[in-house]
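The structures come next, written out as structure tokens.
Consider the two complexes below, in which chain A is the common component and chain B and chain C are the respective partners.
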Partner chain A sequence: MKYLLLIFKNVGRNLLRSLLTALGTMVLVLVVTLVWSILSLIDKATEEKSKDFKAIVTERWSMPSRMPFKYERALAEGAARENHPEDTRPTDSMAWRFFVGTLDNENRSFRNTMFGLACNPDKLLTMMDGLENMPQNQEDEMRGAVARLKSKRDGIIVGRDHLKNLNAIIGNAGDSTLQNPIGRRFKLTGIASFTGLDFEFEIVGIFPPGRYDNFTAFNQGYYLDTIDAYPQSHGKRPHVLADRNLSLFWLKVPNKDAYNRIVDQITSSPEFKDPEVKIETASSGVGSFMEAYRDLLKGMRWLLAPACIITLALVLANAISISVRERRTELAVMKVLGFRPGQIVLLVLGESVFLGLLAGLASAGATYAVINWWLGGVKFPIAFFDSFFIPVNAIGWGAAVGAGAALAGSLVPAWFASRVKPAEVFAKVG
Partner chain B sequence: MLWILLEISAGILLLLLLVNRVPLSYTLRNLSVRWLTTLLTVLAFVLVISLMVVMLAFTTGMKRMTEDTGEPANVMVLSEGADDEAFSNVDVGDAAKMESLPQVLRDTTGKRAVASRETYLIVNQPALHPKPGRPKGRFLQVRGIVDAGMAARVHNIELLGDGKWFSQAGTQEHPDGSSKAASLIQVVLGEGVARELAADRSPEEAASATNKGRLDIGDPFLLGRRTCIVTGIMKSSGSTYNSEIWGKQDVVAPLFGKSAITTLVLRTADAQAAAQLRDYFKEKYKEGSVVARVEKEYYASLSETSKQFLYAIIFVTVVMAVGGVFGVMNTMFAAISNRIKDIGILRILGYSRWQILVSFLLESLVIALLGGLLGCAIGSLANGTTANSVLGGGAGGKFVVLSLVVDANIWAAGMFLALLMGAIGGLLPAISAIRLKPLDALR
Partner chain C sequence: MTHSNTPIVRVEHVHKYFRRGSERVDVLQDLTLEVPEGEFLGLMGPSGSGKTTLLNLIAGIDTPSEGKVWVQQELISEMSEGRLAHWRTRHVGFIFQFYHLLPVLSAYENVELPLLLLGLSAAQRRQQVMTALDLVGLSDRIRHRPGQLSGGQQQRVGIARAIVTDPALIVADEPTGDLDSKSAEEILDLLVELRKALQKTILMVTHDPRAARHADRILHLEKGQLVEQAVVA
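Let's look at the complex of A and B:
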């Protein structure tokens, strides 16, 4: 206990130096926490699950994937044959039809572009990642939104970023729309392959904050009806997406065996040959798309985060070595009083680790609170990901990084401290 | 702006050296006496600056790629509403009408428009022999070209060495001569994608390859289920074409269920004529639903991603620099506390407060200068290395292999940041030094 008190006292002895070192530690731990949070979310999304996982069916070769409308029915059954009860069927499924439109066709910009998903509303509650285990209030809100979407053909559920843009672009930024957007109507004009498909929507709900901030979902019936109506106003020419409008198809399977059987059923089925389809686990699908960013992610994982930790270790090593040098006389006195070299090493390491641990914990804790509670996530749009939140275990990483870097940085100064020879020190004193 | 700031910083440094009355050798000797502290502080600078240089080299590479792609006299036509070639469908009939516009340049015979019809595709290709640490698949960018000679002229693309453009048929017989074997698809490759594909070769293929670094003329590779044979490598370094595979449009496009043209590139007399043609399409052209952009502008618009990365880099660099500043402050406060008696003696010898401030500030700036120079030099080793990324904002985007570029601007940014860190980190301790009274300091 006395030993611990000595460590605390020593940390408090040169407050300015301890403060500067702690501040240096905090800012560098902040970078490491942010980088690791981003990597952790991506790793989690690409991690294979062993049960209740999702498989994704897309066009085999081309991107963007556009499968024929007729594939949907067979895919929902996992390509299980009729009157073949031995064939494996998915426990749930969901069809995704993408749509991209603009709020202002005359002055199109990234900001007024809206990405939408035409789907079966019921599936939003059972098949969407991150919407399964929401807090109760958000779940109630989402259930209400889905119920309204089911009853309203032209309803739409919007993400929070889109809602802000809607306010700024077509509404009055000063009104209370953001607080009470339900019932508000807006027009969306299809762009790119979706040109000619124009919709008028009524907002029926808002996605919970986070992953779906830049997302919208609406009834696929409304979408398909609009495609069907296209020829009437375009010289009876069908829309380019008239037949091939199924972007991707999700299947929920109970385990790896069921997944493997469904893979066999789909790949051997003659129904999916023109165009061919491929089926992979959701994590593998996300992973293959993330390959395009692999060098960037590698740089973050193996260059940026280690460089921050090494810089941190250097800053701490510097502070501790200065401290050791200034306290040579005191260390010599301690030796004369009977402190063993090992105890002196522990004392120096203890001071450093205590400071690093405390600063790391404070930094990661503050980062967690500011980003998750105050900022509502950190924006870093990459592939399917838009906002990142700090996981709660990041607080542990922060403390570990601070303490670990402090330990690494103070090993050499601590060793020097233990080698102080009282005779040499006192020969110079006075 | 950056250069002006660096010049101002250098000017201040020079001014400090000129007005400094405390011998510089005293300052430098202090640094060498406290060599361990100096070394640790310099190393912290080196890490921060070198990391910043590498990160900026990435965004500069991206920016350079978008700037270097496209011809100022070319107008790129996509279907209305398409921001990206991958989402465009241009009607063939409309293409013919647009090629016949008087603003479009004609070839020497005067009969043919200098224009290229193309189909841009993204193919999800699994790697047959994935190696540890290498991707299991990749998105290949394939450009189906209707007329190779014309496309080469429109895009100003030449082939390396003995390369040849694909034939009119776009295919050649399989070497085993078997009538059952599908013919080989002739393609030309960008240098970047040729290197990436070479890295996925089987050990046997790699051992027998004439060019170990990249696929070369005569080398086969799989595209979808069909085997392609390389007939040429494009001199496309630095542009997005560097990451593309070009083949005959009516051969490669149907392989992936696409027959329509996605892109029509029209050559005009010069940049001004290109801008006029773009405006003509926007304001007067009523024959079809298309959107036209000067090719340079289209590729410049893809720099959205590099901006996003640049903001992230600025944030990370600033935060790391703040950490570095605290490190310098520690060093300088320690330097001052070690030399309190020196300060007292200097004051008694007649050196004024500001001369002592200059001396300590110079000490900090010398550390920063050393760290900055070394950091920039080490970061510059990344120059020319390649990295995979995605270009473009919003829907779509291009999967590219880009070269990291360390240019003079990055050196200027690195040196400016180092000097700024040194100045901020040294100023507070230097001010604390000049507040000491001579007699108190000597006590």
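Let's look at the complex of A and C:
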């Protein structure tokens, strides 16, 4: 205990230096905590599950995917053949049809553009990631929204960020769309390949906060009817998406074996040859999506984080070296009093690790509190990812990184401290 | 003061030299001496005469290049570094010219420092520390840090630290070198008192003839060799 007190008092010997060292440690631990948290989130998303996972079916050679409308029915069965009960069928499925529109076609901007999903409302509660395990109050709200969406053909469920933009564009002062969104109406004009598809929606619900803040969902029946009505006002020409409007198809499978059998069924079926489709697990789908960011993520994992840790070790090494040099006489006195070289090493290492551990813990803890509690998560700027939160075990990483870097950085100064020769020191001093 | 016939310190044909490149610098040359138990021995000589080096060899913080050093019948000149450190804690108290107290510790904690190596309980340590501080007259300054003490008071704390483990041998390297004459006299009187009360053997390096007068015997060194010894009347 007294030894710890000596370590603690030595850290307080030069408060300014200890504080600056701690601050440097905290900044570097912050970077490492953020990097590892992001990588942890991505690793989790790309991690292969062993059961109850989802598979995505998309066009093999084209992106964005536009599969024919006729694929939907067969895909919902996992390409299982009629009268073949031995064929494997998915436990659930969901068709996604994308739509992009603007609230103001004359002055298009990122802010007035909305990304929408035309789908079967029932599937929102069973097939959408993150919505399957909501807190009870959010689940109740979502169920109500889905019920209203089913009963209202032109209904739409919007994400919170879209709601804010809507409030700014169509809200009135004193009558905020944010406070009373249900029942508000707005128009969306299709853009890019959705040009010519114009909708008028009524808000029937709000997505829970998180990954769907920039999302909307509406009835696929309304979407398909609008596509079908297009020729009437466009010289009997069908819309470019008339036949090929199926963007993604999700399948829920109970286990890896079922997945593999469904893959065989779909890839061997003659129904999906023009265009060809590919099927992959959601995690590998995410992985493929992340391929574009591969070099960036690699750089973060293998360059940025290690560079920060090495820099941290050097910062602490520098601080401890200065401290050891300043205390050469003191260390010599301690040796005269009977402290062994090993005890001197432990003393120096103890000071460094104590400082590194405290600073690392404080940094990771503060990062956790600020990002998770104060900011409510940081929106990940990549589609379909939930807001990024710091996992609770990051607090442990921060402490470990701080302490570990301190230990590594102070090994050499500690060794030199243990080699101080009292006879040489006092020959100069005396 | 009568001394035991058994020498507490025996130095036999000790040489100490350093190498500076190809050059050999002799600090001590074929030195032999004995110190009876209970003696107050003064070591004097010009700068570079080897007196501090001799003190360091006897205190076990340096080892001779040749020869043997016995303290309390233990051959310390051939002990390993770790064993010497262990031995020093129990057998030697060192008093420095510049006190060398740890500035982050209080007077109490500075005196307690060597006791941390002995595996004593907190209560035992407290008893020994307070006894030592009482002996040097500083029991009312236990919470003061060195920066809050005068030079004389700091040296008293240094003396308390040197005696707290009850060593048989106390070595002092110019203990009054950084003090004014009044404080110096007080410190020397304290050393004499402690020697009498606690039956300690004291070896003191000094330049000051007035300090040397407090010793029982004075040894003069010159160029690493004993040139003269005198018994103080």
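Following the convention adopted for this analysis, the second predicted complex is superposed on the first by the 414 of 430 C-alpha atoms of A that agree within 3 Å, B and C clash if a C-alpha of one lies under 4 Å from a C-alpha of the other, contacts with A are read in each partner's own complex, and residues count from 1 in each chain.
Basically, contacts are C-beta pairs under 8 Å (C-beta built on N, C-alpha and C of every residue); 3 or more make two chains touch, one makes a residue touch a chain.
Fair warning: this is a prediction, and the values are worked out from it, not measured in the lab.
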- Which partner does A:A417 contact after superposing on A: first (chain B), second (chain C), both, neither? neither
- Quick one: chain B or chain C, who's touching more of chain A? B
- Task: Could you look at A:G12 and tell me whether it touches chain B, chain C, both or neither (first, second, both, neither)?
- Result: second
- Query: Is A:V240 in contact with chain B, with chain C, with both, or with neither (first, second, both, neither)?
  - Reply: first
- Item | First, second, both or neither for A:F194, with chain B first and chain C second | first
- chain B versus chain C as contact partner of A:A307, first or second or both or neither: first
- Task: Give one of first, second, both or neither to describe whether A:G338 is in contact with chain B, with chain C, with both, or with none.
- Result: second
- Task: Considering only the touch criterion stated at the top, classify A:T329 as touching first (chain B), second (chain C), both, or neither.
- Result: second
- Task: Applying the touch criterion given at the start, work out whether A:Y3 contacts chain B, chain C, both or neither, answering first, second, both or neither.
- Result: second
- Task: Touching chain B in one complex and chain C in the other: list those residues of chain A.
- Result: none
- Item | In the complex, chain C residues that touch chain A | 52-53, 56, 59, 61-62, 81-82, 85-86, 88-90, 94, 96-98, 100, 102-105, 109, 112-114, 116-117, 161, 173-174
- Message: For the complex, give me every residue of chain A touching chain B.
- Response: 16-17, 20-21, 23-25, 27-28, 30-31, 58-64, 100, 108, 110, 113, 115, 190-195, 240, 274-275, 278, 288, 291-296, 299, 303-304, 307-308, 310-312, 314-315, 317-319, 321-322, 325-326, 380-381, 383
- Message: For a test of understanding, state which residues of chain B touch chain A in their complex under the given definition.
- Response: 36-37, 40-41, 43-44, 47-48, 50-51, 54-55, 58, 79-84, 86-89, 121-125, 135-139, 224, 255-258, 289, 304, 308-309, 312, 316, 319-320, 322-324, 326-327, 329-331, 333-334, 337-338, 387-390, 393-396, 399
- Item | Residue ranges of chain A touching chain C (in the complex, touch as defined) | 2-3, 5-6, 9-10, 12-13, 329-330, 333-343, 421-423, 426-427, 429-430
